[in-house]
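What follows is a set of structures for review.
In the two assemblies presented below, chain A is common to both, partnered first by chain B and then by chain C.
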Partner chain A sequence: MERTKRFLGFVLSFPGIIWLTLFFLLPTTIIVVYSFMTPGPYGGAYLPFTLKYYKMMITNQGFWILFMRTVVISVISTGICLALALPVAYYIATSKYKNFLLSLVIIPFWTNFLVRIFGWLVILGNNGLINRVLMYLHIIDKPVSLMYNQWSVILVIVYMYLPYMILPLYSSIEKFDFHLLEAAMDLGASRTKTIFSVLLPSIKGGISAGIVLVLIPVLGSYAIPDLVGGKDGAMLGNLIARQLTTARNWPLSSAISMIFLLISTVGLLVYLKFGEVRNRRNRVIYEDYIKEETNKIG
Partner chain B sequence: MDKEFNVLGKRRFSFIMTLLIMIFFYLPIAMLIALSFNSARQGVIWTGFTLKWYSVLFRDDEIWRAFLNTVIIALTSSTVATAIGVLSAIGIYWHNFRLKRYFQALIYTPLIVPDILMGVSMLMFFVSLRIQLGLFTIFIAHVTFSISYVILIVIARLEDFDYSIIEAAQDLGASWYQIFFKIIIPMIKPAIIASFLLSITLSIDDFVITFFVAGPGSTTLPLQIYSMIKFGVSPEINALSTLLIGATFIISIFGLRFRKLIFS
Partner chain C sequence: MAEISIELRNVTKIFDGDFVAVNNVNLSIEKGEFFSLLGPSGCGKTTILRMISGLEEPTKGEVILNGRVINDLPPNKREVNTVFQNYALFPHLTVFENIAFSLRIKRKSEAEIKKKVMDMIDLMRLNGHENKKPSQLSGGQKQRVAIARALVNEPSVLLLDEPLAALDAKLRQHMLIELDNIHDEVGITFIYVTHDQSEALSISDHLAVMNEGKIIQVGTPVQVYESPANLFVANFIGETNFIQGIVEKVEGNYILLKTEKLGEIWCYRDFEVKIGEKINVSIRPEKLKITIEKPSEEVLKNSFVNVFKGIVSERIYLGTHSNYIVSIDQGYQMKVYRQHIRYLLDENIIDWNDEVYVWWFADDSYLIKD
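Right after this comes the complex of A and B.
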C-alpha cells in the first residue's frame, strides 16, 4: 500500500518535475555557467572559463552607480508601499465592506501591466494631466518635465506593487485577535504604543511576506524604468537587457543576473523560514490541545 | 460591527488613507477610459465625444494578429499548466516520494525570481539549443511561470480535505481511477477553475518574459502596446487599453468568486 502510494505520487508529479527542471532549473543553471565564459561575436558563450566579466562588473563605475540606484529606488519604494499599505489593510480588515474593498484593490492589480504604466504616462507627460492642470491654474506657464527621473520610477513602482503589500498585510491583520488591543489599552498603553508594541509585532509574518513580495520583483524591474525612467531612472534590469540584446555580451549579462539569483535565494529562505515558524507554532498549539484533552479523559 | 474592532479610535486616519489610495489606483485607469472617447489626437484636453479610435483599432491588422496570438498562447498555456499543476499538486500533497523536497524548492523559486532573470535565462537557453524563437517558446515560458501558481492554489484546496474519505473509498473497493475522477477531481474543481483563470490572466498580462522569448511574427498584445508606447503614441492605444480594462473587469467578476483560493 505504502509503496503504491509513493509510486503514484511520483508518477503524478513526474510531468511537473520534468517541466520545471527542463525549463526553469536548466536555464537558470545556464546563466550560472555562462557567467564564467567568454562571449562570442554574435552572442553566445564559449570556452575558456574566465572570471573577467565578474571583475569587469565590479571594477566598472557605471555598474556601481546603477547598482546603488537600483537598491535605493527599491528600498524607498518598498518602504512607501509598507507605510501606505498598513492603514489601508487595517481599514479593510476591520470594515463591514471587506469583500467589496478587497475587490477594489484586486481589480487594478489584474489590469494589464503595460496599460497601467501607460496610464501614468498620460498623467505625468508634458501634455499630461498634471501639467495641464498646473498651467490652467497659472502655477506654471510651460510644461515641466515630471518623467524620466528616479521619482517617476518610484511613483509608478509604488502604484504597481502596492496590492502585493496590501494583500498579505490584510490577511494577517484579519487573523489578528483584536482583544489584545483592548487588553493593552485597558492596561494603560497609549494608542501609538499599542500599535507599535502589540499590533505590528503580531503581524510580522504578513509584513515580511509583503516585503519579500515587493522588494525582490522591484529590484529586478525592467519595464517601468524602461518606459518612465529614461537615462536618469535606469536600473540594473535595463543594464542586463542592454548587455544581452545590444552589446551581445552574454557572460556579462549573466554575471549581472547572478545578483538577482542570489537575492532571490535569500528572499526564498526568508519566506520559507517564516512559513516554518508559523507551522511549528501551530503544531505546538495543537499538541497542547491534545494533551489537555487526554488529561480530561484520564 | 463589533465594538472591539474600533479600539484604535474611529479609524478616521485609515479611512482617509484608504480613500486616497483608491483614487490613486483608479485615476490612471479612469484617464485612459475617458481619453479613448476623446476626439483630440493628443493631450488630455476634452474636445468632444468620438468612437473613431475604436473603429481605427478594429481595422488595424497588426492589432488583430497580436490579439489572436495572445488568445492562442493564453488558452494553450493555461490548459497545459493547469493539467500539469493539478497532477503535481495531488502527487506532492498526498504521497511521499523521494524527490518531494527537491520538487517543493522547484515550485517556490519561480514565484520569487524576478521576471527579467527568467526572461534572460530562457532566451539564452532557447538560443543555445537553436530553438526558433516564436509562439512555441512563448508558450513554454508561460506554462513554466503558471505551473507554480496552479500547484499552490490546488494544494491550498487539498489542505481542507480529509484524507480518510479516500481511505474509506478504498475500503469500499474503489479503484484508483474511480478515486481520481469521482472524488478528487470534483472536490478540487473550484481550485481547477481558479488556477485556469489565474493562468489566463498571468499569460495575457506578461510583458517582460514574453519580450525576451518572442521572435518575429509572434507579437502579443502587451508587446504591441509596448511598441506603441515606445515608438510614438497613437490614440488607438487608449481604445485598446479601455477594451483590456473592460476584459479585466469581466474576468475579475468571475475570478473574485474564487478570491479566497487565490490569495489564501
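Right after this comes the complex of A and C.
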C-alpha cells in the first residue's frame, strides 16, 4: 500500500518535474554558462570562458548604485504594500461582505498589466490629470514633473502589487481566532499591544508569503521603471534588458542576473531563518532557570 | 458579614437593539468564594462573564468590583482574568510564554517572570511542558495552561467559562477536584460557568440558576437541590417526579394533596398554604423506596407515608445504582433510583415486570408554588 502510494506520487509528479527541468533549471543553467562567456558582435555568447564581465560589474560603481536603488525601491514598496494591506485585509476578513470586497481586490487582475501602467501615465504625466487639476485651481502655473523619479516607480509598484499582499494576509487573518485578541486584552494588553503581540505573530505565515510574493517580482521589475521611472527611476531589470538588447552583451547581462539572483536568494534565506531564531529565545529562558536552580541547590 | 467581591446591580444586556440576553440581574458574590452560574445553553452565562471581564458592556445596570463601579474600565484595566470556553491559548507562544504573557505586559523583571511562571507551572503540574506549543498539548494540559495563564496575573476574581466542557467524563472529574484544590490554595474569588448541574453542585459554595437571561435562584447547592424555587430549577437540577394537586387538608406541617395522577398523598410543607390552593410537589427519585414486599406495619403506622403499588416498566443498570420507571396502578410513571449496596448478595433483585411497592415519607417531598 505504502509503496504503491509512493510510486503513484512519483508518476504524478513527473510532468511537474519535466516542466521545471525544461523551463527553470535548463534556462538558469544556460544563463550561468553564458555569464562566463564572451559576447559576439550581434549578441549571443561564445568561447572562450572569462571572468571579465563579473569583474567589470563588481568594480563598476554605476552598477552598485543601481543595485542599491533596486533594493531600496523594492524594500520600501514592499513595506508600504504591507502597511496598506494589513488594515485592508483585516477589514475584509472581518466584514460581512467579504466575498464582494475580495472580488474588488481581484478585479484589476482582469485588465492588462501594461494598460494599467499606462493608466498612471495619464494621471501623472505633464499633461496628466493631476497637473491639469492643479493648474485649473491655480495652485501651480506650469506642470510639475511627477514622473520619472523613484517615487513614481514606488507608487506604481505599490498599486500593482498591493493585491498580492492583500490576498495571503486575508487568508491568514480569516483563519485567525479572534478570541485570542479578547484573551490578550483580558490579560492586560492594550489594543495596540494585542495587535503586535498576538495578531501579527499569529499571521506570520501570511506576512511572509505576502512579502515573498511582492518582493521577488518587484526586485526584477522591468516594465514599471521602464515606463514611469526614466533615468532616475531605473532599476536593475532595465540594465539587464539594455545589456541584452541595445548593447548586445549577453554575458554581461547574464552575469548581472546571476549576481542579483545570488544576493536576493541569500537575503531571502536569511529572512526566512530569522523567524526560527526568535522562537529559540524562549527555550533558553527555561534552560537558564533550571541551571540557576540546580546551582542554588548544588 | 463577609466582604463582597463582585456585585451586579440591575444588569441588563440587550443585543442588536431587541434581543435581551441578560435581564435585570442582581448578584453579589463574596470574596474568596467559589460561585457557579448554572443554566441551559444560551441563557446568558457567558454574557454575564463578559460583562464582568469588560469584553461586553452592560446596556443597563452596574458592575461593581471590590466596592467600585467598573462599567467604564476597559478589560485590560480590570483585576479580573478569564479562562475561556475554548481556552484561547496563543498558538505562536510556548507554554512558558503563554503563562508569562500578562507579566511581560506589566514589564516585570525577567527574574520575577521566571519565578512566577515556574511557580505556576509547578502548581499546575505542567513541568516538562514549558517549551511545548499549545498544539502539542492534551486537552487537560491546555486547560491547565489556560488556568495558569489567568492565575499568574493574581487577579482578584477568576472567571471560568465551562473550562471542563471539552474534556471526557473521567478527566472532568479529576480536573474538578484539582480546580477545587487550586481554589483553596490561591484563595481568590472563582466564578464558574457550567451547564452541568453535577459540576456546579459538587464544587460551589453558592450557585445561581439561570434561565432565559434571568436569575431564577441563588443559594448553596443543598438549598438549590433540596428546596428548588420553581419547576424549572427542580427539573434542571437533577431529576424529579412532579405531581400537581389541590390542598385538601392541613395537619400541622403536613398537608393532604388531592392529585389526579396518584389520588391522595401526604406532603411536608414549609410555607403557608390554603385549603383549595393548587400546588406542585416534587419528589426526588433517590428518595423513593422500591420493595417487593409491603412496607412493615411499623412504617405504615406513620400516617405521613405514601405507599403505592405498581409494575416495573423499565430498569437501567448503572453500576452504583439502578434507575427504575414504575407504572403505578393509577397509570402514573414514577422515576425511582435504587442503590446497589449488596448487589450480589441481594436476594430481591428487582427487575422488569416485577410487582413492587413504591413508597416515601412525606418529609422527603418538597412543595413548589405553581
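Here, the second predicted complex is superposed on the first by the 238 of 298 C-alpha atoms of A that agree within 3 Å, B and C clash if a C-alpha of one lies under 4 Å from a C-alpha of the other, contacts with A are read in each partner's own complex, and residues count from 1 in each chain.
Rule of thumb we're sticking to: a contact is a pair of C-beta atoms (placed from the backbone, for glycine too) under 8 Å apart; a residue touches a chain by one contact, two chains touch by 3 or more.
Note that the structure is predicted; figures quoted are calculated from it, not measured.
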First (chain B), second (chain C), both or neither touched by A:Ser202: second
Partner chain in contact with A:His138 - chain B first, chain C second, else both or neither: neither
First, second, both or neither for A:Ala189, with chain B first and chain C second: second
Which of chain B and chain C A:His179 touches, first, second, both or neither: both
First (chain B), second (chain C), both or neither touched by A:Leu104: first
Superposed model, chain A: greater residue contact from chain B or chain C: B
Which superposed partner A:Thr28 touches (first chain B, second chain C, both, neither): first
First (chain B), second (chain C), both or neither touched by A:Lys231: neither
Touching both chain C and chain B, counted on chain A across the two superposed complexes: 179, 182, 185
Chain B to chain A touching residues, read off their complex: 1-2, 4-9, 11, 13-15, 17-18, 21-22, 24-29, 31-32, 35, 42-45, 84-85, 87-88, 90-92, 94-100, 102-103, 106-110, 112-125, 127-128, 140-141, 143-144, 147-148, 151, 176, 201, 204-208, 211-212, 221-222, 225-226, 229-230, 233, 237, 241, 244-245, 248-249, 251-252, 255-256, 259, 263-264
Interface residues, chain A side, partner chain B - complex: 5-17, 19-21, 23-28, 30-31, 34, 43-45, 84, 87-88, 90-92, 94-96, 99, 101-108, 110-123, 127-129, 132, 159, 162, 167, 171, 178-179, 181-182, 185, 191, 194-195, 212, 216-217, 219-223, 227, 237, 240-241, 244, 250, 253-254, 257, 260-261, 264, 267-268, 271-272
Contact footprint of chain C on chain A as seen in their complex: 177, 179-180, 182-190, 193, 197-198, 201-202, 204, 282-283, 285-286, 288-289
List of chain C residues in touch with chain A within their complex: 53-55, 74-76, 80-82, 84, 86, 88-94, 96-97, 101-102, 105-106, 110, 114, 118, 130-131, 149-150, 153
